[in-house]
Amino acid sequence: MAPTEKELEAFRGEVKAWFEENRPPEPDFLLPQSFMEVGTDEQFYFLRDWQNKVYEAGYLGMAWPEAYGGRGMDQAWQNVVTREMVRQQVPFMVNTIGLNWAGPLILMMGSEEQKKRYIPNILSAEEIWCQGFSEPDHGSDLGNAQLKAERDGDEFVLNGSKIWTSLGRHAKHMILLARSNPEANSKYEGLSFFLAPMDVPGIDVVPIKKMTGEYGFNQTFFTDARIPASTLIGGEGNGWKVAMATLMFERGASGGQAGGHAQMQRESSHLIDLARRSKRGGKPAIEDPLVRDQLVKFVMRERSVRLNSARSAHKALTQDRPHAISISGKYLITELTREMNEYALSLQGTNGAFYVGDPGAVDKGLWHRAYFNAFSATIGGGTSQIQQNIIGERVLGLPKS
Amino acid sequence: MAPTEKELEAFRGEVKAWFEENRPPEPDFLLPQSFMEVGTDEQFYFLRDWQNKVYEAGYLGMAWPEAYGGRGMDQAWQNVVTREMVRQQVPFMVNTIGLNWAGPLILMMGSEEQKKRYIPNILSAEEIWCQGFSEPDHGSDLGNAQLKAERDGDEFVLNGSKIWTSLGRHAKHMILLARSNPEANSKYEGLSFFLAPMDVPGIDVVPIKKMTGEYGFNQTFFTDARIPASTLIGGEGNGWKVAMATLMFERGASGGQAGGHAQMQRESSHLIDLARRSKRGGKPAIEDPLVRDQLVKFVMRERSVRLNSARSAHKALTQDRPHAISISGKYLITELTREMNEYALSLQGTNGAFYVGDPGAVDKGLWHRAYFNAFSATIGGGTSQIQQNIIGERVLGLPKS
Amino acid sequence: MSEKVTISFSEEQEQLLEVAINFARDKSPIKTVRALIEDDLGYDGDIWQEMVDLGWLGVALPEEYGGIGLSLAEVVTLAEPMGRHLMATPFYAVTLTGQALLAGGTEAQKQEWLPKLASGTLGACAFYEPSGEWNLGAPDAVATRDGDSLRLSGSKCAVVNGAGAEVLIVSLLLEGAPALVLVEKGQIPDGALRREVSIDETRRTYGLSLDGITVPASQLLDPARTHEALKHIGKVGCLLLAADMCGAAQAALDYIVEYLNTRKQFDRLIGSYQALKHPTVDVLCAIESARSHLYYAAGEFDGPQGDMAVRMAKVAAQGALSFAGDRAIQFHGGFGFTYDCDAQLYRRRAIWGQSQFGDSAYHRQRLAAMLFDAS
Amino acid sequence: MSEKVTISFSEEQEQLLEVAINFARDKSPIKTVRALIEDDLGYDGDIWQEMVDLGWLGVALPEEYGGIGLSLAEVVTLAEPMGRHLMATPFYAVTLTGQALLAGGTEAQKQEWLPKLASGTLGACAFYEPSGEWNLGAPDAVATRDGDSLRLSGSKCAVVNGAGAEVLIVSLLLEGAPALVLVEKGQIPDGALRREVSIDETRRTYGLSLDGITVPASQLLDPARTHEALKHIGKVGCLLLAADMCGAAQAALDYIVEYLNTRKQFDRLIGSYQALKHPTVDVLCAIESARSHLYYAAGEFDGPQGDMAVRMAKVAAQGALSFAGDRAIQFHGGFGFTYDCDAQLYRRRAIWGQSQFGDSAYHRQRLAAMLFDAS
């Protein structure tokens, strides 16, 4: 039953207090801003323990079924928690792929056995998940995935390579899109989707240095790696459909995620705060009319993304193009994030010259790193240019390019 | 022989004085800003007489051969005149197509007879020229021109229609791209180029109302119109090459024009002047930091177009991509013009509501009209989007879209 | 803004929206819009009467003054579809006049005029002046006391539907302070109203010379509420224009998409070219954002964020329509440049909307103060 | 600007440009650039010596001080190709130091130091401070007179090639007025220089603590010329950075074009997609404009439009490189996000260039004053 506003308000107070009391002390190393940026073991274990603590407190997977470690409650309760986590800017939930993509996917189309096997450990962070979609030579062209999965009895033998596997070194499982039938009628029909174990022989995870100078991504090599056929999900040859469903979770176009925020957001409020602290000609930058005008533009764009979500609640207000908002969200927010972080550099005057690790770097160099990392979102999961194609074709019905 | 700087300086003084003395008094109707906007007879005759006067004074076609009505002088002299005309903002030279595209084309590849026949009357404005390139259904796709030109003895019979024929009602001749051989191997090989007379039976010119609410463009219909084969230029079947050469003149990528300015430019200086006269919050808009910032951006873009031309004089400074500047010029200047005129509307406060004809319209509504008319340049002669293709493919060597 | 945001949307809004969508589509096909451009009055009296009969002029007026007693949120659901179909009626002018009277009128004025406005009597607002300034609180026009009368002088412009109005609300200075005065049709000398050449040809606006107009002092609106009334008028104006421009922007987008899906160049539908497709996607996104700002502002109008939300709605709608109109012209190629192409109708409407109640830079400046300077 | 504009370009410039293009290309392939990032010194001493032997450090210094007696226009023709190949040498620091001394030094200082700088002795400039402000005329660092000595205090940052420099020019306040002081290597205590973590890893910059440094008063630069010297330094800094960034932007463009012409997606070369092609065209146009501004500024440096031209050159180059670098990352897709992709080198360089001698908004503000407020 849906909770009342009053109940939720009371709950929010409780949640607020819990996070205030239990948020982990700031470590002496710089924390990553999302699961894609976890580059060291100390960062990983810190975040894993924190997710586990939140789960143990009952604040994760609240709307997931009790049978699989959830609490079977209305989504509204979880949303209160998630928003409070964002508000207090506590560290994010590191098992992001498990909580937001793999988990809902398994709940939607996994077997009973798969649900029992995987879901509880996703919530507790005992088993970390990673994603095996992109390949080195087919960045945006998911349908062209070439990693081979040859059936051999009740096993599949994997050969090939996946790239951008965040948390690959810590992951126990991978959601994997592979080519099980190279002879299929279309490239899409030849794909299958696996909940692949990462701890079988023949899987090598090699870290990739990012342009930030840090690690966090990997390339994963498969050499005659054998995985059980029971890890198939959605049925052999249906990999493309499963992958599309997963992307709907990834883009936030489908609900059902376990909750908990997935990244430390750089919001306009942080940028405004930076402008208050920065000087231009001896005065706070926030007093500069040009800075003000630009900041208002950012605030409005950020608001519009939230307001779009709010408007989605009313069918009458989205009747013309019902999917416009959900399909365009990723494009809007990722480009905004990149631009805001880039703009932050111009507020730093001569100190924009300093990077992470320099005592003179503004906010420890966070803005520089955030700007660079923002590209992982304007590139990953379909580049902004591909997003524009998708929006144009699916929402406006324009012909394919 | 090239004149010295000193000689040119002296000449400039003379030219300056002549235009100051001879510029026509402001008429009681609003003058058009280019030949594409000539909508009434009174506008046309005013401008024709003015061009004739400038020619009679010896200030037009100065670098064209004496044999055809020019003066055979170095181009530098003509440039002094043209710049002075721009500086003083005297009315433009109305026979624009004749002076800048048809004229140089005939001089480059016309027969001796054609040169003698056409060139002198172009300069004197006795014979006005128009252009027959675009067709109603093939806006940007020039190579696909469908107007039929069937040979019949020493005549060609024309059937079809051309659109955007500025000055069509006043023109004596048209540079015409037509399909003389529908069976040719490629669509390009089937084209021929004519210096077609407009006063033969079977040619109808119908005015088109522009979005400004004014006229200036026409659609020209050809119904069994017969023109002499002697009006062919470049040879039968070579129409595409001739058209491309013409476009190089149109885009300013080839020199050889007769000189004289072709339009009343809306320059950043006019915009700055408007900002001085406009009020924002009781103060001149020019004191508003946001307005200032935007105006500086415009000034810089405008300057860069001029500086690009200046840099073109030095091969060492254009060695990497020798054609970049000439090929991109049209795109840069037309988009800048559109944006500047659009911006001008925001400087007018509540008075931006008034259009040409209202006594409350700022500068008689010139800015609104100029903004609308600016689209004729971002669309005509290959849209900005097509220009970007051309630049990408010809200058950067990128594959075709 | 990390708190949860909701957009309130009432059942009444939902019902009115449906009705208005159908009404505007049926009554204002583009042919009619173009025909009315040539018409001197500029709108169809029968259709106007239908709107009156539907009670739409009283939607946001209290029942005690003959209204329906809903709010401006419901008015937005009427104004947006009208904007989408470039519907030309005095709806905007009469609504604004009613709101001005409601916020600033004396009890007697409200009792006399609001029921009339609710039942279709025309009203108009005369705020702007040749100075071109947006600040409603600093007019150049003047009223001078002459016994029990006020003698007006100065000139006004951009008076929407001014010619047919039975009552006009005029801003001016009285004894050095801004004031609002009610002027009745009969008090306006012949020739004092002059039809203007508006950039938006679907609108009828008028210049008004105040010189020689004298009205009883009782026609002064409540001086104690002038400030509040001007603020309210500004907010209402922005909200109505935001709704209008949001609607028009959607029509401009539809118009672009239709062309991109039918027109071929180089043997391909032009919508397959990313050079046209991607900017069109950006137009869509601008419109979706603008609509979200609009309906948030509609629901939040009287709330703590109302002023901010309304300004943002105007900025967003203005931006979306200007962009959509500009690209609509460009993407229609040669045809886009003709008067027959509807693209110009949208672009002209955006220019007009920009000229009223402050442009985007103006509002962003004020938004900055609200967002960054709050103590 | 309806007058005729010309860009002067001397024979010496043309010759030097050719030589520098070949030199930079040969000596600074991208492998070398990346190797030097890992190197503590950050540049190749042998190559530096070659540049010294070519006389490049004396190009814009008068012959009487051991220079060649050409101008900064010729220096630009050297700096642009170096930027194009991300060449790491102390050329920038030494040139700037020489110009600072030339404009602000006493005759004795110039006679002592300029010939040394012209022949390869390293110099550096210490202007910036933790305040982050660009105004060179308002430092926080202070010099106090102590008999015939000056005691310095405060801290400086972003001192390019500070560690190896034999001489540093330091800005500070002396008796409340801005002043420039020459500090010799031997006068800097151990540990006072700290290598910084620069966003541009091809640069070596240092923080400098002035506390405890004492120099003879004779090391004060000519106080009568401080104002002029600071102005000159700002102009030179902008010009050198404009050249550097123009060069780098061209390399970034080449890097994009190369990828667009080889990488396939969905079975098509990605350069055939207008979503990538058209922004790349805009990068090209930005670069062409920036180069035109640059060479105009180079030729006009000491002319009446010099100050304006140099600021415009910096703004244009900054904009072109930031844009080119940002799009280079994006258009390289997943690879663009890796350290191995050169796109990041260009983007980092743009961020660094933005941080020095004023960003674009800063210069536009000053340009506005020159353009619009001149009497």
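Order of writing sets the chain letters: A, B, C and D. Residues in each chain are counted from 1.
Just so it is clear, a residue touches a chain if its C-beta (ideal position, glycine included) is under 8 Å from a C-beta of that chain, and two chains touch if they have at least 3 such contacts.
On a predicted model such as this, the values are computed, not experimentally measured, just so you know.
Peer 1: Which chain's centre, taken as the mean of its Cα atoms, is farthest from the centre of chain D?
Peer 2: Comparing chain centres, C lies farthest from chain D.
Peer 1: Where are there more C-beta contacts: C-D or B-C?
Peer 2: More C-beta contacts join the chains of B-C.
Peer 1: How many Å are there between the centre of chain C and the centre of chain D, using C-alpha atoms for each centre?
Peer 2: 53
Peer 1: How far is the middle of chain A from the middle of chain D, if each middle is the mean of its Cα atoms, in Å?
Peer 2: Whole-Å distance between the two chain centres: 40.
Peer 1: Can you list the residues of chain A that touch 2 or more other chains?
Peer 2: Chain A, residues with two or more chain partners: 289-290, 293, 385, 388-389, 401.
Peer 1: Listing for chain C: what residues touch at least two other chains?
Peer 2: In chain C, residues 273-275, 278, 361 touch at least two other chains, as defined above.
Peer 1: Inside the complex, what are the residues of chain A that reach chain C?
Peer 2: Within the complex, chain A contacts chain C at residues 79, 83, 86-87, 267, 269, 272, 275-276, 286, 289, 292-293, 295-297, 299-311, 313-314, 316-317, 320-321, 324-325, 328, 331-332, 385, 388-389, 391-392, 395-401.
Peer 1: Residues of chain B touching chain C in their complex?
Peer 2: Contact set of chain B toward chain C: 134, 138-141, 144, 163-164, 208-213, 217, 278-282, 290, 342, 345-346, 348-358, 360-362, 365, 368, 372, 375-376, 378-380, 383-385, 388-389, 401.
Peer 1: Which residues of chain B touch chain A in the complex?
Peer 2: That would be residues 288-290, 293 of chain B.
Peer 1: Which stretch or stretches of chain C touch chain A in the complex?
Peer 2: Going through chain C, the ones touching chain A are 1-7, 9, 13-14, 17-18, 250, 257, 260-261, 268-269, 271-274, 277-278, 280-282, 284-285, 288-293, 295-296, 312, 315-316, 361, 364-365, 367-368, 371-372.
Peer 1: Applying the document's contact rule, which stretches of chain D touch chain C when the two form their complex?
Peer 2: 273-275, 278
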